[in-house]
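The following pair of complexes shares a single chain, subunit A, combined with subunit B in the former and subunit C in the latter.
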Partner chain A sequence: MNPPSTALAEKIGGPGSGETEELISGSEAISHVCRLADVDVITAYPIRPYDTVMQYVSQMIANGDFDCEYIVAESEHSQFEIVKHASAVGARVFCGSSGVGWFYAFEALAVTAGLRLPMVAMVGNRALDDPGAFGVEHNDALAVRDLGWMLNWVETAQEALDTALIAYRVAEDPRVFLPCAISCDGAFLTHSQAIVKVPSQEMVDSFLPPYDRGDKQLHPDNPITIAPQANEDWLMEMRRQNDQAARRARGVIIEAYEDFNAKFGRDYEPFLERYMMDDAEVALVGMGTMGMPVKVAVRKMREQGKKVGFVRVRWFRPFPAVELQEALGGMQAVGVIDRDYSFGSSHHSGTLGTEVRSALYPLEKSPKVVTFIAGLGGREVTADNVVETTDMVFDAAEGKLNDQDTYWIGVRE
Partner chain B sequence: MSTGSVEVVYRGIFQKTLAKNICRGIVFAAIKEGKIGIAFGRYSDSPERNGIPAKQFAVVSDTEEELQEYLSRYEPDNNDVTMVADDTLCKGVESWAWYGLQPINKLLAKDGTLLVTSTQSANKLIKTIHRKGSPYDLATIKAQASFSGLWVYKDDHTDVRLLGALAKVAPHIVSLDSVLEAIKDQWKDDKKVASAKKAHDETESTSVGAEQGSDAEPFSFDMPGYTKMEEGLVIRGIAAKGDIPGRDGGFVPGRNPTFKKYSTRTMRPVINFSTCTKCTLCWLNCPDTCFDITPDGFYEANMEACCGCGVCEAVCPVKECVTMVNEEAFEDNDSQWELWTKDKDGYSAWLAEKIANPPARSHGFHHIGQYAEEIANESS
Partner chain C sequence: MPETTVESLGSFLETQVLDPWKGPKKVIPEEYYTSGHRTCQGCESAQLMRLMAKAGGPRSIILGATGCMYVANTTYYSTPWVVPWMHTQLGSTGSAATGTAAALTAMMRKGKMTKEPINVIAVCGDGGGVDMGLSAISAALQHLHYNLLILCYDNESYANTDIQVSGSSPYGANTTFTPPGKVHRIMHKRWKKNTAAMLAAGHPDVKYVGTVCTSYPVDAMNMVRKALSIGGPTFIHSLDPCPKGWDYDPKYSHELGELAVETGMWPLYEIERGKLKMLGRSQRIVNGQFKRKPVREYLMRQGRFAHFIDEDYDYVQKKTDEMWEKWLIPGVIPFFE
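Up next is the complex of A and B:
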């Protein structure tokens, strides 16, 4: 780690001075984590909106504030292959992409988790291209949900920074050794600047130990083969180990948040954010920046005496089924708003809707779950949309709305 | 209500089409008798590399339900007939999965028939085949390992000869009439029909007793559970044996005990150490790094790692220093260098015998008509 340049040291207060406040975007917050975590290898290939991270990282390198192997690959596939291999030799790595770029890297993405190679990636959520759309949808990051990747969605630039630090600690924990993707909504977070507390190097060092692969490090002094041919003789055992690691990740995440809250003076609940849930009768559930308009609407409705609350899911993998059961078990009805789609799925809902419904099913008295799709392709989800949605959830609670269907909010008919 | 199954063991990728044609022929013949059947490969496609033992199966049955039982199996393990398209496979087969060595008669039913294309006598073959523990029959079709499934090789009728022989040893699966009809339908070639008929008439079986055969223990590996095996699909390297004697540095490869290549090999190099100039070319060029450096600086092909490709023979600049010899000439995988060190005269005699009168090379012809000559010689 190079010491920060004088200019940056002044700007961020210099080593030992604790946190400084900066006006930065979600992407810039992630790039600060690359610097603070002293990432060894970063690979890049431009695609909007993830490419803003590239921009800030290369700027820090050019200014002499950060030193790493910064490789601009010729495609996303190569981008993720390079960091996958760098992780195997014990380098701390960062990578990222958006939309179909993430999909182009899929072969590498699938194998990274299987081989238990930790990596932190930022997905600047973007619609899957065809019409050239670059607004936010969550289908890109969600595509790896079954493969061993840990996945989370953040709401603010501050949460992006904090969660990326936590992600490194969890991903590189030997009990886990799995990749983790931080999902940042395209435009709403990647391009929106807000005041963010940027921690000092000392604070980060006290929280994040160096990445140590131990005897799984690929090195001439530790001759090992990673990933020889595995057929029906080994593959099922390998998947089961992956499953065990994904189960253990839950506990490691809780540990990391406890330590982070103590050292950074934050108050995060690890898996969920609960908003006005104490006496709520119905609840909305969603992920990412959609939390903003939802909170505005919830406050408005509270003023009108409607007992509605909001649960924002931070970690989608591992999925917080137990926490959701506890948070939502007493509701009369739950409305899940997906910023993604899963065409032809049960109840024609999005992916979050399916998972929440499944998590609540074992409850003795499970609430009615009604699912919504909103904000696709970057369309704004307004506070009015949320009020309309909430009214439908109340209707479902009273049996006046079919809770076996999914409702599209803000779509022209 | 009855089901019959046939296992065809062959060398991938050279014999893949041959094996497929045999199994399809069995199904077509069964259809002639009003039965139904399926043909399927179990080690096919991507892992099927040069020389790798691979399998095709044909199952015929009276009903769909009986067939289903076989379709759900990875490998049917109670076959009426096991056909072997290359007699060097009689030493056993390894799949790509780490299951160890499978004796060639392991999946053969009690009292079933092992049907081998070979120019060796039944008695000689039996010595290389693992003891089964139950009696079975051995039948041979006089032929070399056929490449006729490859379009660049001339059709030598091995496929229909095996089909004809099958009708002889297992008429309950397919009768000769059905086989001949199916061949006529498929190939529209009277010569192939005649070849099948001739093979049928000439095929004789020998009874093999439960305790007859090689008593070598087929090697196997531990298959640890997920709580025991290393995470992240990591395989530990093997510590090197040490520096090369008399030199600084160098490299003596450790041999991975969980990946042996005995059954991939159809030929092996024999080495004349007294003419070896220690030029290193075999050691450098071996694609499998199979050469060990001996304490006195010779290069010895380690039979655990040799695939039998013949590159060492091709690059050796010394006349008759490295000679590839068909695998059927060997009964063990012992070190040639150790034998030579202990008894130079004995080794010279052993080497002279292997080279002077070698069985046919496992692949490659040197002149037109060679195949016919070799078959004629073997038959006389």
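Up next is the complex of A and C:
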């Protein structure tokens, strides 16, 4: 691992000094958020590739740069249960995992969302063993998509840092009170360094209010009972409240991005990134670091006169159906590239493909949607792969390719 | 860098000073576990919850793992808890206590919460404690800087889910997963796990581990008070007679608890700062002042052993005799000398 940046506090130089530039990985970028957000309780358990974030966090604590209760748990299940309970008491928490580790915590993940407990977690996306693979697949984080977790995928270390700050603000907003997972593609983002603007404490404090659990706080001054047995008498009303919180999250996310862009001088569109979409006739859709080769390929194809654009989905939950309808509605065809699988699903696509197809279906003139699976287990998605994919999307637009099927890209027959 | 001392391993937070109550008349009248629970008639685990809440007092947070004391006990709109209570998952008793104590520690240290000693008590049944949650409880007992008590209410089966065998069920018990049949009379052949002693031996820095039985309620409350006062993580294991799971008339709960101790099947002891002390009847057994009653007197009172024949009683008697006559420490630490 790379050693954490040293004497960070001095480099940042205290309140008011603005941002400093650091050459850091996605994991290290998120570790800075733990410090800047003054997180109270952090739990760690080793699994690659997310675990690098905890190596940076622990070194900051050891160096006295950051004060929190830092617990190395004896399993991912305990890791997530510990922070779940700390959040109920009113502590700001951080956690994370990868692949089967995330699945080992699955019970805790379910109840954290069910209890409306805010938590920010980093998922270093990794293929689910067996067969063993360290590389990225999105099936780990996607598994919680139905439970109330907010999910987003980021492309760069800068976006990881910024999105983690936004995630705390949204998750801890009393209108939401839901956990949020930030997915960073394993290795491609967790371990790759880039120049990142690290904000000052003052900037973060102006954006992120303290976590206030209010009358939901578990404390002797507020002797409530949390999570009693509710049964059929009340469970459906509680689920409905969860649904309403997930619906409200959309507006709170938009609010948070507006404020963040104003205070930090960024220009993020909250749910999507649109690349060369202005006069595009076909569009590719994907998530995470796949955006990098896709953008290279799109530029190359534009030079050849192919009117192709790219939409990168930032937030998978809440799912930006309205934004995607608006962005993709006029396309002749849309190609969705999943870095995950959903065996036996409709059209045999990945999960993003299914969601995009569903989002576009109500349009009066819905574009053809053709789905692809690529980059599993950390296999590189090359610019040539993207060109090959785009040609198939053009074929689908012209009716020369069956748009009811899913095509695997970069796979040996 | 400041030198790490034994003292700095402890919590920066003080504990409440909860002195023992000298006799039933000194016990406070206030109740912190009241009406609203829906446990069975004669439920000794519910009795234990009442004693525990009384012993801990109003400045306590209770975490309850899935089990009888959650499902039957804590129902929406009729919770019996006067003190704050939160459910935790079946295997999360240790994690719930750790997370709660960690949050209090961090927030009080950083000035985000008024500094005061708050009791953190996490309760689990034998399914949650002896089986599924053992790993997280062991982990919680390693974090010496958190003040917390883990209390296992052991009714010797997964009683809430229909009486299924657990790692804490006694040998041979008829449970819905180990029913006697035409070919196999004894389906449950495991010996009850020696949980409290195992946790004490495996976590020697823990300042207090004890066993209790609600048939001796003042002792049980005082042990809870001692565990909460002494600081750091602590563990208490309670044997709770269960009319539904053990199959007896609810009016005999108290008597069966006494018989479990008097036959030597449930030894009472505490290990305080590494020093073992046998308690009550169990102490008198060790001292030779009380002759253990035959296990048959205890087992025959319970329907779960109705299929036993002489050789089964003899086997349980032989194993129990070994606990007292051959173990390195009678009734507590196995390994033969």
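Here, the second predicted complex is superposed on the first by the 406 of 413 C-alpha atoms of A that agree within 3 Å, B and C clash if a C-alpha of one lies under 4 Å from a C-alpha of the other, contacts with A are read in each partner's own complex, and residues count from 1 in each chain.
The rule is short, and it goes like this: a contact is a pair of C-beta atoms (placed from the backbone, for glycine too) under 8 Å apart; a residue touches a chain by one contact, two chains touch by 3 or more.
This structure is a prediction, so every number in the text was calculated from the model and none was measured.
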Using the superposition on chain A described above, determine whether A:210 touches subunit B (first), subunit C (second), both, or neither.
-> second
Please work out whether A:245 is in contact with subunit B alone, subunit C alone, both, or neither, and reply first, second, both or neither.
-> first
Is A:266 touching the first partner subunit B, the second partner subunit C, both, or neither of them?
-> neither
Which of subunit B and subunit C A:117 touches, first, second, both or neither = first
Which of the two partners, first being subunit B and second being subunit C, lies in contact with A:223: first, second, both, or neither?
-> both
Thinking of the overlay built on chain A, is A:234 touched by subunit B (first), by subunit C (second), by both, or by neither?
-> both
On subunit A, which partner's contacts cover more residues, subunit B's or subunit C's?
-> C
Check whether A:69 is in contact with subunit B, with subunit C, with both or with neither, and answer first, second, both or neither.
-> second
Counting only touches as set out at the top, which of subunit B and subunit C does A:85 meet: first, second, both, neither?
-> second
What part of subunit A is shared between its subunit B contacts and its subunit C contacts?
-> 222-231, 233-234
Flag every residue of subunit B that touches subunit A in the complex, lowest number first.
-> 47, 74, 95-99, 223-226, 229, 231-237
Enumerate the contact residues on subunit A facing subunit B in the complex.
-> 114-117, 177, 216, 222-234, 236-238, 240-241, 244-245
What residues of subunit A sit close enough to touch subunit C in their complex?
-> 38, 40-41, 67-69, 71, 73-75, 77-78, 81-91, 107-108, 111, 210, 218-220, 222-231, 233-234
In the complex of these two chains, what residues of subunit C are touching subunit A?
-> 58-61, 63, 70-71, 74-77, 79, 81-89, 91-92, 94-96, 98-100, 102-107, 109-110, 112-113, 118, 135-136, 138-139, 143
